[in-house]
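Quick notes on the structure that follows.
A, B, C, D and E label the chains in the order they appear, each numbered from 1.
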């Protein structure tokens, strides 16, 4: 019981933090930075506890007597929670300057953010589809509002409008799918679905497949996979930087946490049907994403569109899981971490720059001569771009490498070849930014490196990316390329059927 | 004699009409109501299956769904009010700055 | 001793990193860079000193890197690697001397990174490690061309990166497939070269795999058809990078082919041999003719470089001891000669701000030393006897005749190819009357002579006493040739 | 008897749905929605979900619909503020064509499944059984729903409280 | 002995290096000409001395025991084992003897000739370098080392022809020389490649080749022989690779004397003689060589007859004489060929040096029709030139008579009457154009005076005298085939002539020569007129058969337009075009796709639903298929 309380602490802390900030925001005199710090404090404590849990937990149901077996605590969920929490912390800290430079942020922003994180954490913990749906709704609904938080900008409102309508539309499919699954199985536990499939090998499972497909629609929508990607660019561009950052990194990971769980429960009988669709979706995502990215004229749009491509890679690996690859799951987790770090860094630099009053609308042109103006930041940005492009010696390369490896394992050489081709094309649009930074003279004088929490964190993330790409066991306690993979596979071992 | 199929048919029809509404209409109210309609149709499906299995689980989920519908409604209505306030319209296309072609601005 | 290679490999990187963090002044940076390159040279000489001629792979160091996939930090050198390592270690200090006056710090940082990249390529014995260095050497080149280059530098920087990455991506796919096959057949992960050579494939697969590798190297070399990045990149790049491109990077393409192509894919390369040889032969003729009407010195020598690289590749693919020895010999001597010529083009460019041939002329009459060195390197490129290039070309031609009569005949046209444009170039650059740009052309300074003299001496020594270097390579090449022939059977 | 009620309810349900989608006036849509909600409640009753029936009337009709209508009235939505949209036959055909596979897939799968109503326990659908299941099996979702409502509330407040200040 | 042989080759290179370095280091021109001259002259002098020592030592030894000097292993790869080893047999002995001797004389002459040139040091660096290369070529013990020398003399000739590098046309001439030579070298290297592969494993020195060729097929040998001769064509300026020779006169006159008279151009003849054992196996190729030589001799003589530049006349005459030599070696009379080469070195060097003396005295005037009456102002030069001219026109007892007669007689005796007729015609023309030169330069315009004449120094006159003596006397070495027996080359035998025939032929030769002289006197003895292109055939001769224009059109223009074609079409349009289509197409597709993002929610919702609908269709299909 005490252990259970201990396990629930991180979630509880996030929720309490949300309530606290919600009430606290009524007090008008408080400075914004303090809200931020309070949020970070809650999240940090939660993160520390999660880290300890990660060392000790194996496979556990929280309050089994009360919550039945819905609330699962294993290393996978803890790992995901660590990612959400650190993502949120990094987002908040890196955007510290940005918050201060805009007048529309207030306490509720942080409360909503915490609600959203709570939803995501719940999603990682859940073993049951209804809970998953509600968690997704919680994470999304609060995020809708965050997207439209900049009420000075019609774009922000427009992004919110689109996101709400399309997000709700997509959400409906999930619950429809759950309902159909429930209709067939009579339960919404993943484990029950699995045992139903084992025991009813001869009965018709069409409805189950249809339900699964509708669930996939929502999940694919939320991660921005190909035919459902139309919202991504607009919403990313429209939202404030911190929110874009949060969406691009954390939300995506959250959705993948449930996707992984779905795929790791071995639904072998329905795979032949679903996997074909997943494969097509993965291919379409890669192609359309790279096409869109190449056409973007706006920096944020490029990053948004390229995030679609990254989803495509993970879908490839997801397909590989279904086909039976043994290392695809850890490859996805590694890729998530790598993309998480890279995108966080890239958006972080954008928001750092955008917090400068003169550069409200950050475009490609603002990066002309950036390397001469801020060499260190440019170096960091280069590292992020390289990592996103999958250039070796960054974590992004290893991420892609593992993914391709798992795809090759399934024998789909052509699919892997397509992935590599798309990675090749992505070189173009990522290097375009590097070219802008280094190839032009700077219109502004050289600036000193600003020693602030946000910039230091950005540099830290850059170092992590490099370390994740080349790191070995040289430094024992910092997980490098190898260590991260160990963590991922350890986490995967603890999930039960 | 009633069969689940009939209920499910009606639910599917509701769902389809909701989808049509989403594709057809620009009026935010209609969009909102269409989504509510779809959610409700799922609710009906859940209730039907609950009755079919003879277990209360589906019903409970329906109940939870009603709450979710309410939450959606809250956020949607707030959005409608907000959009109406800034554009004096409930047209979903009243702000379209985020198109590809206008990105350069 | 064991870590000597690692020190050679990472010293430049370490210096770059430290200097970057300390934000040193340009003077300190310059000294540190030059110092580090000298230390690397010293280490390389020490390695060469302790190197056993017939000992195969040496100075091997293995430590696990990504143990999940059996990827190791695995380095080692054999005779050819050592040769390239020495070339790199020798050319880099000269480059640093040549850019002594440079005020932009980026030059030094990028070149240090580049040195680590190219050194890594020649040492890596693990395919993933190799790929890492192979790719990472592109970045400094990209930035240097784009940031400090000339002409359409942005476009050309993009072009070189896009075209070369296309090749390396195809190689990556093949590497992944190889690694996975090793896992699937042997039961544990490994990307080590020595492990992967044990694998056997059916002919179709191996042909595809070999093709993927071949594409990467063909673009890097570049063979005919994959070459359109070459002239633009050379003409846009700053001197330091042109030297690296021509003297080192192109050679690494051949090296990769030798080290990986010929070890991993003995049989399928036989499938490609006729096509590659055809491309090489076309290249020898095509590049030479193409160079004739070029207006820019760098472009002219870019094409000359291409022709020689085609010849080297030709030598490699004829798989007999003459051609191999000749190829490797040409690899070394052409690296030296082209380093010399491009360094001199850089010196010329600094004096005239213009390397359009039409604007030059008359240099010989006011700057005889410049003219001497320039003509020497140009002639060394044409393979005049007494310079190493002659020996190499002779061996390759003989090897070509051993391979096939007509191949020999076309290979022999290399004797004609280079002179077609080089003599005309010399005429318009050095001789005749001075023009606006060359009116106040200053002769070489002591430092510049100091940079070029070692290269001249090396070229002469390799030309007059070729057996020194050939004996050095012989054991290793013969052994590899035997292994290759054994593999084919 | 049940069938007749079912068909009447279904008629109202679907015509309400059609009214939502095809009315030109938002208020009629809202009334259509009211019809749907009420018919839904009837459906629940038919399915022996007595508590759901209650909840639907209370929350669905009493809260959601009323709130919607209230908002339509409160923002005083006039004709000219609503988007002018001609719903052409072509549009309807087009959308129907798109929808057809989705509905078809659902119906196809449903038809394939051998569904029939099981005999039900005596207390099916009553508030006690409902409560028992809710608080033994579904506590966690229930709790999260409450948090969801809280979050949505905060969001709604944030949204509705502010004004747009478009920068020039 | 071995050390002496090695020194002969090494010393010139060494002094060339010293001179070159001194010149480069001495940018302020502190070093005097004397410094350079001392070094430059000492070396050839020592080398001459050494070679004479060797010649005397070797003459006493039997001819089949050559002297070898092994320096080091040059290349040892597989079966290719090339030693840096020098070989001195009778043939190379003769060669180094006259090369060093005449070379030294020309060096002395050049010290005076180049006195005022600012590139004095450089000139002698090149000169010594050339001497070393030529010696390397001659004493090489295997074809590869010979080829190195072969290439290096080409390089030296490039440097020397282009010595006055401020005038672009001189460089063009130098380029032409080098490129045409390389075309020949191409043939040479192909021949070597084929030969090496055919003989692989049996060694590649001359001795080894001689032993090995017995086992080779006739066709291989023919191929090798023909291609080796292509190399010789380039170096020895035979049809069709002769075009560089007239232009090569752009260099300083000592250069013309050394390179284009005495030494370099004879390398081709030397090489064929060196490979005599090979050509003996393939007499039909030999005949081909002889015909090429004969036509070259004739055409050169024709062109010389219409030329007005004094050096070019001599250049054509060189080509013509080389033609004779090729007739000889082609027909297997190696001894006769080398003998003519030997005598020719004397009188041609003398002619060039005399011409140089005239040129320098007249302020670099080279047009013979602007000269005249020089007999009175430059008497020593006149006498020297006259002796040389008599030698070349083969008037007994001057040197050329003995050597040329041997060749012409050989042609007749071996039954090649066509060749004999051509050779006789050429002999007639030779007498004509050489005396045309003498008459125009030294006799005509008997009233002409030269107020600004530059006096000639001793260092110019003395070598002339030495060579004049040589030209007059060396012919006697050939009496009774003494020379041919001495060099002991594998001559092909001819039927021995009767005495009557022999004297008859001799008389005919002298008559033909006198006829040429008479014609020359009639036309140019008193009032010479420059040639006019008034009839087509004359125009053809004056414009050198339009060969330069033809080569320009055929090769230069083609290559240039090909180069532009490669640049614009192959690279630009095809390869980059395809790449551009691919990348541009992808970008356009991207833009098209992005334009679907029209920004309205309704459309986006339609996309989403449409996608779901498509997935549903797919799923229906899959379910049905199951």
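Criterion: a residue touches a chain if its C-beta (ideal position, glycine included) is under 8 Å from a C-beta of that chain, and two chains touch if they have at least 3 such contacts.
What you see is a predicted model, and the numbers here were worked out from it, not measured in a lab.
Enquirer: State the smallest step count from chain A to chain D, taking one step as a move to a touching chain.
Expert: 1
Enquirer: Can you name the chains that touch chain B as well as chain D?
Expert: A, E
Enquirer: Chain with the smallest distance from its CA centroid to the overall CA centroid?
Expert: The chain sitting closest to the overall C-alpha centre is C.
Enquirer: Taking each chain's centre as the mean of its C-alpha atoms, give the chain farthest from chain B.
Expert: Of all chains, E has its centre farthest from that of chain B.
Enquirer: What is the chain whose Cα centre is as far as it gets from that of chain A?
Expert: In terms of C-alpha centroids, the chain at the greatest distance from chain A is E.
Enquirer: Of all chain pairs, which one counts the most C-beta contacts?
Expert: B-D
Enquirer: Using mean CA coordinates as chain centres, what's the gap between chain B and chain E in Å?
Expert: For chain B versus chain E, the centre distance works out to 96 Å.
Enquirer: What is the distance, in whole Å, between the centres of chain B and chain C, each centre taken as the mean of its C-alpha atoms?
Expert: Going by mean C-alpha positions, chain B sits 65 Å from chain C.
Enquirer: Using CA atom averages as chain centres, what separation in Å is found between chain A and chain B?
Expert: Centre-to-centre distance between chain A and chain B: 26 Å.
Enquirer: Whole-Å distance, chain C centre to chain E centre, using C-alpha means?
Expert: Taking the mean C-alpha position of each chain, the two centres sit 37 Å apart.
Enquirer: Going by the touch rule set out above, which residues of chain D reach two or more other chains?
Expert: 95, 98-99, 102, 105-106, 108-110, 115, 137-138, 141, 145, 148, 151-152, 155, 157, 159, 162-164, 166
Enquirer: List, in ascending order, every residue of chain C touching at least 2 other chains.
Expert: 162
Enquirer: Going by the contact rule already set, what residues in chain B reach two or more other chains?
Expert: 15, 18-19, 22-26, 31, 48, 52-53, 55, 57, 61, 64, 68, 71-72, 75, 79, 82, 86, 92-93, 96-100
Enquirer: Identify every two-chain combination in which the chains touch.
Expert: A-B, A-C, A-D, A-E, B-D, B-E, C-E, D-E
Enquirer: Could you list, by residue number, the parts of chain E that touch chain B in their complex?
Expert: Going by the criterion above, the answer is residues 594-595, 597-602, 605-606, 609.
Enquirer: For chain B, which residues count as touching chain D in their complex?
Expert: 1-10, 12-21, 23-27, 29-30, 32-34, 36-37, 40, 43-44, 47-48, 50-57, 59-64, 66-75, 77-82, 84-86, 88-94
Enquirer: Given the complex with chain D, which residues does chain A contribute to the contact?
Expert: Against chain D, chain A makes touches at 15, 18, 22, 66-68, 70-71, 104, 108, 111-112, 115-116, 118-119, 122, 126, 128, 130-131, 134-135, 137-138, 141-142, 144-145, 148-149, 151-154, 157, 180, 183-184, 204, 206-207, 209-210.
Enquirer: Help me check something: in the complex, which residues belonging to chain B touch chain E?
Expert: Contacts found on chain B: 19, 22-26, 31, 92-93, 96-102.
Enquirer: Spell out the part of chain D that touches chain A in their complex, as residue ranges.
Expert: 105-106, 108-110, 112-115, 136-141, 144-145, 147-148, 150-152, 154-155, 157-159, 162-167
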